[in-house]
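Each of the next two complexes has chain A plus one other chain: chain B in the first, chain C in the second.
Our next item is the complex of A and B:
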């Protein structure tokens, strides 16, 4: 009798218990700016990640395991970011996703490095990957890759001999300014005015008047998304009619939405865009729009690609080894044929920088129009 | 000179918004002898309510604007007095001041969690065009802000000084006990003051949000500058709030232009310290004496 009960118990346990693969999920923690000055960028990044996780889980997960994603809001605060990264590691995250703003990345990246866990971020500041951190990986081009392209664009396409530089006084903005000034000098372009603004600044009237009075041939704008929109509106209010040239943050869909008519005519270099002539980008844009009811900017694409990078490296190493994940990513080239989620051939340099195609774009009629595709720097 | 005029007009426009918010400080001070630390959030929230009505309820902008303003005045004029001021003031001004700090956080976080943490575009009443005058381009939005704010403040000043109800409001603020003996409905006058404060905050919100974009954190800067403006102008005078607001706006604009954007926040604070040392009652304020 006792034997029968034991056999029944074992049989019941075998039937009721889910398979081991379904029990264990891969935990990924996303540490990101969901409020504060970085809310626009962070929300797009988060939504891109959510879309990627849903797609991957629907296709069976990674090596048969589903992904569990957890988001922590840093409030765009470096101290909160450090605490959140530490918490993510303590909670056993497989890799750290985010943040997007360069300042909080700089303040928190040593924590993941010490824990030997890959941290995949959205930041563009050139200095981030110059510190010998073997665990930090970008999802966007670095400023040092983007600025030569912008200087060439200003010289050859805009035909500018003088430029006013407007930048935001944070790690992202300072990095951009430090990267563009030597490139402008090399291109023989004079800097008519060098205007610093503050992160979270609401009133750009005085800055727009300065830009107008500098009377340069073009204006190079290097601000975060919300500030870019406020600046463009202020510039229009002050009658600034010179070409506004910038990087991805100036031409994003959120900036276009916030700035309205003031965004028309803005042009520059974009690393990623749902309007680029890449079918996978456009398909991502449609899925994002359907799920979140607004158009993704480049940060949505970056968030999606970040998860794809983790999936690709995990399947490449055929195991869930945190340190091995970083080792596999470093120096890798990921193609859409190997991992469709990466969408475009992406080369990861040894220092965590990326190399891939990028685009020249212009805002026309409230839409970002891609004008040209620029090749990889080191194909 | 043209450049200076451009900075001056931009500063006057921003200053007009500070003045509208600063008047709220003076009104609450006069009726409750306390400081409403949620005043900046009072300017932030109406725009958020209007956008929420447009985006979540699908209402046309003009309907949403009317509903949003009415809802705001009801909640944060009438409701603020009944739910926060009346119960707290019995325990002294300090609990009330602390309650307004808590209200400030609740309004900010409520706007963030209930609507969105991202900045939102807010429709403008006037086009984003410029007019040329004396060799400078002047934004129509800036002109509209200055005119509307000055008209509103002028109307308030006229109402307070030239109408029977306004004089009753003043009497209630100056000495509620004597006003009550004279048959003035003091409770109604105090309520009217809070409703006017909410209406001015809603007006400031509609004027500034097309420029700043509607965002839950907008109240931080506006509240700080309006507070400085109220002290600079004189906490117990409406015209003082106007002068203080315009002064702070112009100084902020000139500081951003001729000193540094990084230090622009510090310059009005320096002005504040100077006023406190030289003329503690403010530029237009009356000296007040209290029994202890």
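Our next item is the complex of A and C:
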């Protein structure tokens, strides 16, 4: 009798308690530029996220729950971004991923802040984390962290006493230009020419001639991916032979692929790279190549790490609390030992900025070669 | 027709406003936001419908005027600390004045030449918005734009703001409804149909053309004044030339010259792409295909198609809202 009650009890428990695998999925919404000017960056970011979600789900999910990922396109338009972020929150997303372009981030960050939901973005513009938003987190170094490194590199390694600055006139390029100019001045480097270009510009011949005529010791190029490649080709055609120095984007795989030979000799500072001397980065690069059939740029890595940040913080707080997720991330230091997906020790500042190691690199023979590793700013 | 008579358009506008007042119940903030964005866009399209559909002027500067209105409201409410209502009025007046200033030389030319002049103006406005960073914030835009306080009620949340947008849109639509039926509106229609005959009847062509253009521009300014607090952030990108083309498309797709056309056009341009999101990565391709198919099937827009269908059923023309063949 007792035995049969026990059996019944076990059977009832088995029926009533859902098996772990059938537990409700945790929903994540990625709001990102999949069309318009930001599509190259946004697609890499999206693919990085897809890869991270597949990896995490294959290893049993987060606290035993599988991740369900949804991507919404923003058309690189602030009004649409706002709609999409609002939709993500209405649909009960656990955290908001994206966008990557700084303008759309500016248009949507108040909504996540108001809903007290963490928003993990790919933007690098310095101003984003200066607005006191406690729910915004970066996945890369900000321009204000990267530009001093560039200025030091130009002074100590390139030994330039004058520099031509070429930038794209959008929030990304203008932000970078505004951040590098004071750093160059501090380093005693003269700005020979300050050349503004357009987003989506196709012909850079005139700009390349201006660069040539300025005849500075080095050229600092701060453009988006496709524009970077077009500029490098135009500069090669016009016979510009001064060192081309860039920040992350200029040395990215997409630029190297599009610029071909013209990318050789390009050097500079790289925040994240699949060619960095970190086995996890290289392993990510191989997995990405195998799944999507092209090489990931830094945005792919950023997307992957964004999901890893969520997984780490959720397992740290041992529950799926949206506000708690942001509270856990703020001020945290995540190491690859705790969460392999983060790949490299990452410190999250109180304002959402990141601090981590970065690299100096050169493009040789169509490949990005890492020359040196720069330490964290405040380890 | 008696100019003061309430007709089907009037009834539709009021009924639509009542429905939209209650519509967001249970829709969530996203649905409410999309509805508000639809109405704000419809206000800009209404203005362009007056210039293009009623007065027959092809303007490619509607988004630029919307930008002037949005930036004026954003700057006045954030930096100058002025309330939304005066800022709204100033935005409209500013765009009205800009419309007059642009129209004065521009309206000496017609058809595609006018389009070129407005195209240049559109590019100019965009460059000013982007490059004059001391004033407009440049590419970084202006953030934290406050939402209005109406009779002591804050509209910070989605639903109160949506209801506020419904009321403002209704008022603006009714003013235009009255205008088109007034002697002025008759004069606008006469201009479009046959300028020579209109002139021979004593209509001052230059003054009326200019007026239609300026009122259309002022509506873009009003739309901008609503857009800024709706998104709470503006940068130059939504006011580019491509946005003017998109507004023009909405006028044509909705039914150029029909009073309810702007609402249908903006529904196609704003709500349809959002609704199509369920189709995933190809949603913009499906959207473009629908629009192309629509324009091939009914060059008169959705309302033109409906009217043709209605006429076929009733075997007599729809009296309330003709495309004005016989007005002059």
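In this section, the second predicted complex is superposed on the first by the 357 of 379 C-alpha atoms of A that agree within 3 Å, B and C clash if a C-alpha of one lies under 4 Å from a C-alpha of the other, contacts with A are read in each partner's own complex, and residues count from 1 in each chain.
The working rule: contacts are C-beta pairs under 8 Å (C-beta built on N, C-alpha and C of every residue); 3 or more make two chains touch, one makes a residue touch a chain.
Every value quoted in this text rests on a predicted model; they were computed, and no experiment measured them.
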Notebook entry, point to check: First (chain B), second (chain C), both or neither: which does A:34 touch?
Noted result: both
Notebook entry, point to check: After superposition on the shared chain, which partner residues are touched by A:248: those of chain B (first), chain C (second), both, or neither?
Noted result: neither
Next item on the list: Scan A:110 for contacts with chain B and chain C and give back first, second, both or neither.
Entry: second
Next item on the list: Using the touch definition from the top, say if A:237 reaches chain B (first), chain C (second), both or neither.
Entry: first
Next item on the list: Check the residue A:83 against both partner chains and state whether it touches chain B (first), chain C (second), both, or neither.
Entry: second
Next item on the list: Would you check which partner chain A:175 touches, where first means chain B only, second means chain C only, and both and neither mean what they say?
Entry: second
Note to self: Quick check for you: in the superposed arrangement, does A:125 touch first (chain B), second (chain C), both or neither?
What the structure shows: second
Notebook entry, point to check: Both chain B and chain C contact which residues of chain A?
Noted result: 34-35, 169
Item checked: Contacting residues of chain A [partner chain B, same complex] -> 34-36, 39-40, 43, 169, 195-198, 200-203, 205-207, 209-210, 212-213, 226, 229-230, 233-234, 236-239, 254, 257-258, 260-262
Next item on the list: Quick one: which bits of chain C touch chain A in the complex? Just the residue numbers, please.
Entry: 28-31, 33-34, 37, 130-131, 138-141, 143-144, 158, 227, 231-235, 237-238, 274, 277, 281, 283-284
Next item on the list: Note which residues of chain B are touching chain A in the complex, please.
Entry: 3, 6-7, 10, 13-14, 112, 117-121, 128, 130, 137, 139-142, 210-213, 215-218, 221, 252-253, 256-257, 260-262
Item checked: Residues of chain A defined as touching chain C within the complex -> 34-35, 71-73, 75-79, 82-83, 86-87, 89-91, 102-103, 106-107, 110, 125, 127, 131, 169-171, 173-175
